[in-house]
Each structure stands twice: as C-alpha cells, then as structure tokens.
Amino acid sequence: MSKPLGDIVEALGGTRHGSPDLLIHRLAPLATARAGDLAFVAQARYASQIDSTAAGVLIVPPSLEAQALARGACIVADDPYLYFARLTQWWRQQNETTPPPGIDPLASVHSSANVEDGVSVGPFAVVGEGARLARGARVGAHCVVGEGARVGEDTVLHPRVTLGQACTVGDRCVLHSGVVIGADGFGFAPHKGAWVKIEQLGAVRIGNDVEIGANTCIDRGALDDTVIEDGVKLDNLIQIGHNVHVGAHTAMAGCVGVAGSATIGAHCTIGGGAVVLGHLRLADGVHVSAASVVTRSLLKPGHYTGMFPIDDNASWEKNAASLKQLNRLRERLKAVEQAIEQALQNNTKP
Amino acid sequence: MSKPLGDIVEALGGTRHGSPDLLIHRLAPLATARAGDLAFVAQARYASQIDSTAAGVLIVPPSLEAQALARGACIVADDPYLYFARLTQWWRQQNETTPPPGIDPLASVHSSANVEDGVSVGPFAVVGEGARLARGARVGAHCVVGEGARVGEDTVLHPRVTLGQACTVGDRCVLHSGVVIGADGFGFAPHKGAWVKIEQLGAVRIGNDVEIGANTCIDRGALDDTVIEDGVKLDNLIQIGHNVHVGAHTAMAGCVGVAGSATIGAHCTIGGGAVVLGHLRLADGVHVSAASVVTRSLLKPGHYTGMFPIDDNASWEKNAASLKQLNRLRERLKAVEQAIEQALQNNTKP
Amino acid sequence: MSKPLGDIVEALGGTRHGSPDLLIHRLAPLATARAGDLAFVAQARYASQIDSTAAGVLIVPPSLEAQALARGACIVADDPYLYFARLTQWWRQQNETTPPPGIDPLASVHSSANVEDGVSVGPFAVVGEGARLARGARVGAHCVVGEGARVGEDTVLHPRVTLGQACTVGDRCVLHSGVVIGADGFGFAPHKGAWVKIEQLGAVRIGNDVEIGANTCIDRGALDDTVIEDGVKLDNLIQIGHNVHVGAHTAMAGCVGVAGSATIGAHCTIGGGAVVLGHLRLADGVHVSAASVVTRSLLKPGHYTGMFPIDDNASWEKNAASLKQLNRLRERLKAVEQAIEQALQNNTKP
C-alpha cells in the first residue's frame, strides 16, 4: 500500500515541504531507501547522509531543514525519531487487519469467564474459570489465561502466551509469543541434602503499557506478588525471578536475568545478557551495560559496567593468565615501591 | 481462606504457643505481615525483626522462643525455614482445586496410549502413540507427550510442555510452561564449509522429584541419553545440551547453559547465567557463582567464581583498558624487580 | 532394529572389513559400545581406544586401518566423523515413522492457504490466511504459521513453533519446539521519560538448510527484514534481534544473544552464552569463544575471546578486588619505572 504525504502530515503534524499528493510507498532506512520511500534523519550528526540517500522524502529536525529542502521533499519535525515512531504506528494502523471481535469456535473459554466487548480469542486458546478479558483485549491462538487472571483493555497476547492463575496484566500491553507469566518462583528449603519445595503463593501484577518479548518469563511471588510497573519494556528471553519489582518505564534488552526479590528502580536500562543478583536494590536512573553482573545494590543513578574486554584469543590467554596473578602482582609492586622508598631514604641520610 | 493455628500445628508439628482457634489469614514475609498473618524467623540473626513485625504469629527456632513469646503467639520449630516450606505445601493443598481426573474432550490422545488411573489431560494436549501417563499424572493444556514417552506418577506438566519421543520423566516431578524436553542436541560434522547433521538418536531420562522451570530446554542425547537424576531443581530458561549428566539434588538458577557431554555431580549449585563448557566434569558439591564460565573440570568440591566486578562505567573503562596491557605490565614489573635486584647487588659489592 | 553391516556400506560407501551379514544393533560412543554396536574413531589421536572399546565394528580413517583390522570388523572411510554423521541420518531413516501427509482434522487451516503435495499438519496447528506450505513440509502440533508466511519444501516445524506474519523459511530447514520467528524487534523512541513503540514493519527471511534450536527467537526487522542465510545452525535459547544478518553456514551455540542490526559473516562460530552488541560487523570466519562479549566490529577472521577466568572463590575475590585498582597499579608501576630511570641517570652522572 502507498499513502500520500499529505495524509501523513495531516495525521501526525510537522511542516511539510513537497506536494501533498506525493505517494509514499514504504518507510525505509536512510541507507537502503529508494525514490518512493520515506526515511528519517534523527540528528545533525547524520547530516552527511542527506545528500547520499535516495529516499524520496526525509523527516528532518529544524536544524537540517535548509539542507533537506535543497534536495527535495521533507517533513520538518522537532524530534524526527519520535515522529518516525508515531509514523510506524500510523502506517501499521492503515494496513493492519485486526482480528474481528469474537471467540473462535475452536477456543475453550470457561463459562464463568468475564469477556467484555470487542474481545477476540483465537483458536485453541484456553480461558480459565473466573478469568476476565477487558474491553478490546486480543488473546491469540494457543494462549492460556489461567483461573482468575485478568487481561486489561486493548492488551494483545500474541499466540502462545501463558498467563498463570490470578496474574493480572494492565491495559494496552503487548505480550509476545512464548511468554510465561506466573510460573513458580525458584524456592526450596534444604533438608538432609535434598530440596523441599516452597509453594509459590503470590502472583504477578503487570501495569499498563508494558511490552514483554518472546519467551520471556516472569515468575509468581513466593508470598507477595512480583510487580512490573507501567511502561516497562522487556525484550526476549528475559528471566524475572519471584518478588522482583521493576519500576516504571525501565527497559531491559534480551537475555537479562533478574534474580528473586531484586528491586529495580524507574527509568533504568539494563543491557542485553546482564545479570542482577537477588535481594539487591537499583535506584531510579541506573543504567547497566550489556553482560554486566550486578553483585551489589546500586543506590546512585549512573552508568555501571563489568565485562571482560574482548581481544584476539592469544592476547586474551596471556592477560587472563596474568589476571590470576593480579593480587600477587599488586603485592610485588608494593614491595618494589618499598624497596625504592628505602633506597631513597638511605641515599638522603647524612 | 483462613485456617486456625491449631490445624497447622496438628498437621506439621512444632510447639504451639497461642490459642488453637487463632485464625491465620495469610502466610506473609516478616516485613509486610499484618496482624492476621503468619511469618517465620529463620535464624537468630533476624531476631531484631521479631519486635518490629506486625505478624500475628511467628515461626521461630528454640533459641528465639522466649523473645517471640514475649510479644505473642508463635510456633517453635527446629528449622523454621523447613517448617515454612512444608507449611506452604499444606496451605496450597487446603486451597488448590486440582483438575478432576479425566481426559478433556478437546485433547488428542492416541488410542494406544497407556493412561492410568487418576490422570488428567487438559484441552488441546496431544498424547502420542504408545505414550504412558502414570497414575495421578497431570498433563496441562497444549502439552505434547511424544510417541513412547512416559510421564511418572503424580507428575505435573503445566500448560504447554513438550516431552519428545521416547523421553521419560519420573514420579512427582513438576515441569513448568514452555519446557522442551528432547529437542535435538546440537551436533554437526563439518564438510566443505557446511554442516552435516548428526541425527540425535538418544533420549532424555529424568528422575523423580525433579522440577524444571519455564522455557528451560533439555536436549536428547546423540547416541546415549541425556540424564537428570533424582531431586534436581532447574530454574527458568536453562539450556542443557545433549548427553549432559546432572547428579542428584543439584540446583541451577535461571539462564544457566550447560554444553554437551558435561557431567555435573550431585549436590552442586550453579548460579544464574553461569556457563559450563562441554565435556567437563564437576565433582559432587561444586558450587559455581552466578555468571561464571566453567572452562575446565572442577574435580574438588568447593566454591568457584569468575566474573568481572561491576564498577561505575568510567572506572571500568580505565581498568578494562589496563587489563588489555596486563601481561605487559607483569613483564614490566619483572624488569623493575630485576633492576632493583641488580642495584642492590652492586651496592653490596665490596 | 538391527541392520546388517553390508547394507550400511552399500548405502554410504567406505571399505568394509567383515561379513556383510554382521548385524549392527546400535550406533554407540566408543566408551560405552558393546559387542553388537558400531562406533567411530575420528582421528589418529584416539587410536589408543581402538584396543579398549568393546564395539563390534569400528569406522576408522585409512591411517588406522591396520590397527582396527587386527581387532576385528571395521569400515574404512576418509572422514569417519562425516561418515558417522551420514550414518545417523541413514539409521534414522530406516526407523523413523514420518507422519503421513495430510491435515489433521483438529488443525485449523485457513481456506486460502496454499498447501502443496505431501504436506502434513499436526493437531491444533493454525495456518493463516494466504500462508504457503511447500511440498513435503511438516507442520507439527500447536504450530502457528502466520498470514502470508511460507514454509519451504521438506522443512520440519516441530510441535509448537510460531512463524509470524509474512516470515519465510526455506527448504529442508528444521525448527525445534518453542521457536518464535517474527516477534517484534525491540524498538522504542524515548519521549518525556516513557517509551514510544516503533512498530516493526519488516519480516524474517530464513534460507535453506537452516536449523534452529528450541525456544530460540528471531525478531522481525524494523523496516527491512532480518535475514538468516543458507546453512546457518542455531542452538537453543538464542536471541537474534531485529535486522540482524547472519551469513551462510555460521553456527551459534546455546544462549547466544545478538543485538539489533549486527551483521555476522559467513562461516563464523559463536560460543555458548556469547553476546554480540548491536550495529557491529563480524567478518567471515570470525570465531568467538563462549561467554565473550563482542563490543566492537571484528573485521579480520580469527579467534576472539573475553571472559573472566574461573578460579576458587577466595582467589577470585582477591584478584577481582585488585582488578578494580588495576589502572592505579599501572600508574604506580610507571612511577616506579621513572624513579629507577632517574636513579640510574643520577648514578651515571660524572
């Protein structure tokens, strides 16, 4: 499908330079855009690409208006990246075929479930006793909504999401395929060399506008609930342990692991593959680099990192071997310093 | 639901101080417990919380009996944490509505499958040819039990577990949603720049009392079987490669990866995000810290760690840069030591 | 089942020493093989095992022919490991009961889907509008093939694979249970402390002869597609971000994470648990060790590593503490070197 430039600016604002009838065939990256495409230039530091891209229309910030205009049609917007984000949403809305409301005849919905207006339930989905699907919720094929669980308004469960008993998801959330909400937290008491299970009696509570990536798991709490606040964004294959609390608008990249009872503040970012140990506290505004291991509470906002720098293997082997001697090296250095100190004192003696 | 204190002590033992009719509304953490709640104090070092908690009843060890009694009702137990674990089990039993035995009419069970008494099979589950579901097994919605696979007595497969062909799970196990048992191990022979698949002809054998977390994968063996012994506890999103052998009562936290043919002893613990390379052997009683990479066999019991300490990013950048010079630093230090040694020898020459 | 030695050599070539009627009961590892089993010796360095194994028949390279012959029956092949790989395939073919072509009556296949000859679709699978299942494709139970998606010839989707809208998988691929192809990439624009979703308008394109392990996720592209080229092999629980490009015949072990827009060359290997950050480029023939974090482009083929060496915990603690002083140590060493230099200059003054 194609859309006229005028429709875009009418819907999303910004200043249009170029004919409203100019047809946009595709949204495209600057580097691969073709003549009928629309691309964006987020910041002045990408200005050099304005002249090299083949894109028919550009979204640019005011500072690049003159340069963009010199080459052709453009939309001027204060924050081109944000404009572009909203444009992708509008573009999808123009195309998307949302499933019509209704319960697929191949779904299994308990008679006591509370299914509000505009809800769709896909084939082979299972909705348990007393579950509630709020207005406009979309439950994909093969989803399981457990007993007494709640799916908020306009929330989308992609195919094959499991929402455990008594767990709740707020409004306008998106849960991708393979997500498991409310499996048991990992709790056992040691006894004579074996492990005695601690039944997990809490649930999971997820706020509004949360997105959860494919195959990510959020465990139910042991006694109290595990809590994900509004606006949190979790990528794929993340593990959130029991009784974790994730503050509003925090984002985590793929493969992160957060151990039980960690409390993560609002507006944090956690890089891919990072690990947060249990019972720690991260302040609001903490940013953890990819693959770093958080082993202590981080009570001040800031940027934290801990990761072995990659190197060619031969160099790494030498440095890694020396690393195992590092404390010894430190002691040797201290001895050297003391020897020099002593020598200097001897030399300055009368 | 609420339960009288007397019922709890009657079922689980311990010494009761307080009326048997005292109603317990909830099991709760010490910090958030309210008047009608029951909480536990595991060890003497938490004694200070006895006076600050609002919990109506406490479980305490004998050493804290006097202090607990001074504030109100309590249960005295030799190991309060173990007592608490058993209490969560009892509490759940009082509440739980186990699915009634029977095969959901929306399940697909092969006519040759051996379904014993007391088995429940959820909607849209698939049970293959010659599979066996032992007495009391519970197979959740969307599970797949492959041809010739076996689910042991009273074992619970939560919704959406895949148990591959010929794989077996023992008695009283719990497998959480998204678990995949018996996918192919990762085996290929290199040939002219491409990979030729080695078909995986082994299976997976899982012992009794094993718990496996959400979205965890255990691959089938190449020729022999992959083996998980009794009492093993695996958290979520763990990868167990082909022909791995995990000894009894070993526990692994989330996001661990164990590569093919590793042999892990009994009573080990592996921290979250740790990686164990292939063909290694870990003795019984080895404890690996979170996010550590096991690159060699660990033949002595003990506690092992390898993880870059987290720091503020600016400090990390400096130290990481120096780390790439570490072997060179070591050589420079040696040169310095030799220079000093030489100088001292010169000074002591007659 | 058992097969005569003669049938194997007839099908797969090699030089047979021993009766063609000798029955092979099982393919087995050298160490655990019994009298009726066939095992392989890949290289001369395993020669010592030839005399200790109980295997009835061995596959050996020409250099070991004499030694193997001295103990009994054998097959001589130029590359025994490759021969063994092909033998596992042949062995499986002799045994396997492929599902008969046809659509299970419990599947939900859209009337507009294009289902070619020889296709099988399992129970509770969902095939969307306009999807195409090419000749011989096998779609397992609980799979979802989205609108307009394509499954190539003879490709196998094991039970519970999700293939998103408009995503395509080539011929002769194998996707294991729990795989999610085409979930949304992780893209958000920051705005006033919250995150505005960037709809992911691209798809995923997977080449021929690709294998993808259990619970692995490959996200759809933001604008362009995410691309996996021919012959790529991905293990379990891997995360591939949006717009990643993986070159032909590259293999990744379990738990790897590749962030968005990374471009990985052909014939690379990435060890288990490694992380590749976004927007990087890895040349053809780059080999990354397990658990290493790729933080910069690697433009030359070679072997790269970055991982903290594991140690007993007490030693690690000391070295890790010193590591946080490493840059300071380097400065102290420099000061010592300068002091010595100065002292030497003073001593050599006339």
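First chain written, first letter: the chains are A, B and C, and each begins at residue 1.
What we mean here is this: a contact is a pair of C-beta atoms (placed from the backbone, for glycine too) under 8 Å apart; a residue touches a chain by one contact, two chains touch by 3 or more.
Remember, it's a predicted structure, so these values are computed and weren't measured experimentally.
Undergrad: If you take the chains that touch chain B and keep only those that also touch chain C, what is left?
TA: The common neighbours are A.
Undergrad: Do chain A and chain B face each other with the same patch, meaning over half of the contact numbers show up on both, or with different patches?
TA: Different: when the shared numbers are divided by all numbers used, the fraction is under half.
Undergrad: So the centre of each chain is just the mean of its C-alpha atoms; given that, what is the distance between chain A and chain B in Å?
TA: From the centre of chain A to the centre of chain B is 25 Å.
Undergrad: Mark out which residues of chain B touch at least two other chains, giving numbers and ranges.
TA: Those would be 124, 142, 160, 178, 215, 237, 255, 273, 307-309, 311, 321, 323, 325-326, 329, 333, 336, 340, 343.
Undergrad: Within their complex, state which residues of chain A touch chain B.
TA: The contact residues of chain A facing chain B are 108, 124, 126, 142, 144, 147, 160, 162, 164, 178, 180, 183-184, 186-189, 191, 193-201, 215, 217, 219, 222-224, 237, 239, 241, 255, 257, 259, 273, 275, 277, 288-289, 292-296, 302-309, 311, 315, 318-319, 321-323, 325-326, 329, 332-333, 336, 339-340, 343.
Undergrad: If you look only at chain C, which of its residues touch chain B in the complex?
TA: Going through chain C, the ones touching chain B are 26-29, 32, 79, 81-82, 84-86, 88-89, 91-92, 97, 104, 106, 122-124, 140-142, 158-160, 174, 176-178, 209, 211, 213-215, 231, 233, 235-237, 249, 251, 253-255, 267, 272-273, 290-291, 307-313, 316-317, 320-321, 323-327, 329-330, 333, 336-337, 340, 343-344.
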